[in-house]
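Here come two complexes built around subunit A, the first alongside subunit B, the second alongside subunit C.
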Partner chain A sequence: MSMMFAPRLTEAAAPTTHAAPTWSPYDNNGGTCVAIAGEDYCVIAADTRMSTGFSILTRNYSKIHQITDKSVLASSGFQADIRALQKNLDARHQIYQHQHSKQMSCPAMAQLLSNTLYYKRFFPYYAFNVLGGLDSEGKGCVYTYDAVGSYERSGYSSQGTGMQLIMPVLDNQLKSASPLVLPLRQSTTPLSEVEAVDLVKDTFASAAERDIYTGDGVEIVIVNRDGIRHELMDLKRD
Partner chain B sequence: SIMSYNGGVVIAMKGKGCVAIAADRRLGVRGHTVAMDFQKIFEMGPHLYVGLPGLATDTITVAQRLKFRLNMYELRENRRITPKTFASVVANLLYERRFGPYFVEPVIAGIDTKTGEPYICNTDLIGCLNEPDDFVVSGTCVEQAFGMCEALWEPDLEPLDLFETISQALVNAFDRDAMSGWGAVVHVIEKDKVTVRTVKTRMD
Partner chain C sequence: MFRNQYDNDVTTWSPQGRLHQVEYAMEAVKQGSATVGLKNSDTYAILLALKRSTSELSAHQKKIIPLDSHVGMSIAGLTADARILSRYMRNECTNEHYAHDQPLPINRLVTRMGLKMQTSTQRYDRRPYGVGLLIAGFDSKGPHVYQTCPSANYFDCKAMSIGARSQSARTYLEKNLDKFANCTLNELVRHGLLALRECLPNDMELNSKNVSLAIVGKDHPFTVYDDQKVEQFLALITEAERKGKSSGPSEQDRVMETEP
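Our next item is the complex of A and B:
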């Protein structure tokens, strides 16, 4: 337990002592991302606040990046690493398009993102990603990642500083039956597009109340068969 | 971390002329679940309850010491204690141990029987009082609980609606925490009666 102290090492027994590190290559710029997959749409949202420590750097920063016509990446964490990751994915996608004469599907992009993250397993991208879009059949898909590329397709997800606040709310509203129950049910939510967008707005409003790193505004991107649509909503600026 | 050694969560909410206090039932030793019927909410008066999430040994000890102080109060004053005063008793007990604290972060819920006014509050482990108008949470899944309460709570809920709201908030919050769960108990305190219900939950 934390109350017990280890016996002190003498200088002879511990010739090398490491000073506490003063510089970290990482910083956390805060923020929260959410994505919800529907039958024929996908909603991806992120707040627009960028912070460092207890200060706000800007109230109007986009954490959402469109990679293909059908894939949208939302990331929270260290924005410098995230920017580098986005550029990396864009470059890889360009190469794919030259080689295959078509865009990558969302499941393919999901795998690419996982591989890209694991490539830097021992000096990771400090990025907590949620990839949303439509799969090859036009159904909504959401992929959620950890910092080193472990990923899973699910019906909804959140990442970032407000993740712990938002996830149980999404569970309550969207949780699908266990995959052990047969016949196998879709992981997408039966909610309509408008209901899903309203749910996202409500969850961000709640998260902004209690999470100091979430606020200022919400950028919502909706991907459906007609294309990609953007919405903006104001949040509390405190 | 000492506060997450045994696990557990308590939430309290205000309603229209009523309050509700709810807790999970798990007692664990780090990851190992030891009991699924561990009491974290204690009755301190006919309309006054205190929830004590945190280190289980201190849950029991603080409950016993509080009961003692409460009994002494009732003997001396010859009347029931009000929730607000009781909150000060709790804060005082905890601050007495300022440099070697009890590892509990209590949640108090009650109705002032004279005025009918609902009251909730919580304190940190050294007795700093927080008296909001809506809800209080404490335990190993506070983030999750805050998110749920913030999304579900609205003012002036009737007792049955308050029961539904607090139950959903608690259950969905501790379903995202490995150290809490294994059943839930909910007390709804109204001016004239107290209803205790156990909620069927995932047992993991």
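Our next item is the complex of A and C:
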């Protein structure tokens, strides 16, 4: 008798299952981004290869976008979403400048980026971001994000297809002693600007060896008190 | 202007075919302090404004509002209304960059303004915007100075002045109109200052506290110069020229004065 009242799990009543989708709104254009924060500089770098599947779309695409005089955004993932995200942040920054008569600081931009990403929590920007720049005191800062806006300030970071190859190398070279050690170490690396740039070049060259989606070239942007500088280095094209 | 039975709301025509509410709104512009706009033929458009302060304790009211790096405006009339309009215009400019990756051409900006302002002259629940604007900008067609009115009319101008006592400035601008096309930036500023000083009330002179200047042009994003920064431009006119015509010495006295 009690069976009559139990829910019957027929096809109609069962939770609907989707057929395998024929079309995805997302694509992964590959690539890797890195950023390192120094005492008075920040290095932001990304490879210049744009791919889809196993094909290369172009060897010469910039994943780096300067939003303010002191903030630079590097993003890997789905470049169409990334471009839309960049434009969104630019428009928001224009409005901020009209209202405050000054540019946004890097920590403020970091928070804005997080909010912007979470705003699309249920149809996310397929973007893996690293935001680098100088904070209001002129010290280097790096913020690293997931696709929906969870973020953290740190001394260095990498995102993208080569992240798993690069992050352990950065940890090895840059990670300060355990946070349990007192006094608390700063979240910037003691490396000089030139040493940091060389480290970035080395890590990309290594990542390009084994990650098929990383290669062709690496674009390096250095932000310091004198302004913003660009460097370009070739990588293996295979 | 006298009160009559057709001026209670903006949706009532008078028998002469006038909308009195709109005309009364234009009076509000004449209450605001003067502002002048002029341009040369190909490189610069400038705005100058006389800032007023309600008391010695408070700062002078801002008159010039940047809208985008290629365009800005100066206001005469209800500042609060101007702020709403500036928010709308800034939004339009930002959207143009987002959607079309280009600066909004000035004539399109002004057209949108006209359309927005017109709605409040044809609704029973709204009133006209009580502010006149001088919009100065630089785009692919060169420098522009536009004037807008509470009536939602807008005019492309070679030079213009609006606000209190602005007729004197317009007279100066009309007299010197043919010179402006070939002026350098400094010559333009000088003409602008000389026009502006015609609008001074008694016993006042142009100084860095009450003059606001904005310049936009080729390779020159819209920049406002106030306080200290406007001193370098005030130096383009002499001490005597800073005084208004009503408070300075008469024409004959000026001729007699010998400036070294």
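To be clear about the criterion, the second predicted complex is superposed on the first by the 221 of 238 C-alpha atoms of A that agree within 3 Å, B and C clash if a C-alpha of one lies under 4 Å from a C-alpha of the other, contacts with A are read in each partner's own complex, and residues count from 1 in each chain.
By our rule, a contact is a pair of C-beta atoms (placed from the backbone, for glycine too) under 8 Å apart; a residue touches a chain by one contact, two chains touch by 3 or more.
Source: prediction; values computed, not measured.
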| item | value |
| --- | --- |
| Simultaneous placement of subunit C and subunit B on subunit A, clash or fit | fit |
| Contacts of A:172 with subunit B and subunit C, given as first, second, both or neither | first |
| Residue contacts with subunit A in the superposition, subunit B compared against subunit C | B |
| Contacts of A:87 with subunit B and subunit C, given as first, second, both or neither | second |
| Which of subunit B and subunit C A:95 touches, first, second, both or neither | second |
| First (subunit B), second (subunit C), both or neither touched by A:237 | neither |
| Lowest inter-chain C-alpha distance for subunit C and subunit B in the superposed arrangement, angstrom | 39 |
| Common interface residues of subunit A - those touching subunit B in one complex and subunit C in the other | none |
| Subunit B-touching residues of subunit A, taken from the complex the two chains share | 1-3, 162, 164-169, 171-172, 202-203, 206-207, 209-210 |
| Of all residues in subunit C, those that touch subunit A in their complex | 66, 68, 90-91, 94-95, 97-98 |
| For the subunit B and subunit A complex, residues of the former touching the latter | 1-2, 5, 141, 143-144, 146-148, 150-152, 168, 172-173, 175-176 |
| Interfacial residue positions of subunit A with respect to subunit C in the complex | 87-88, 90-91, 94-95, 98 |
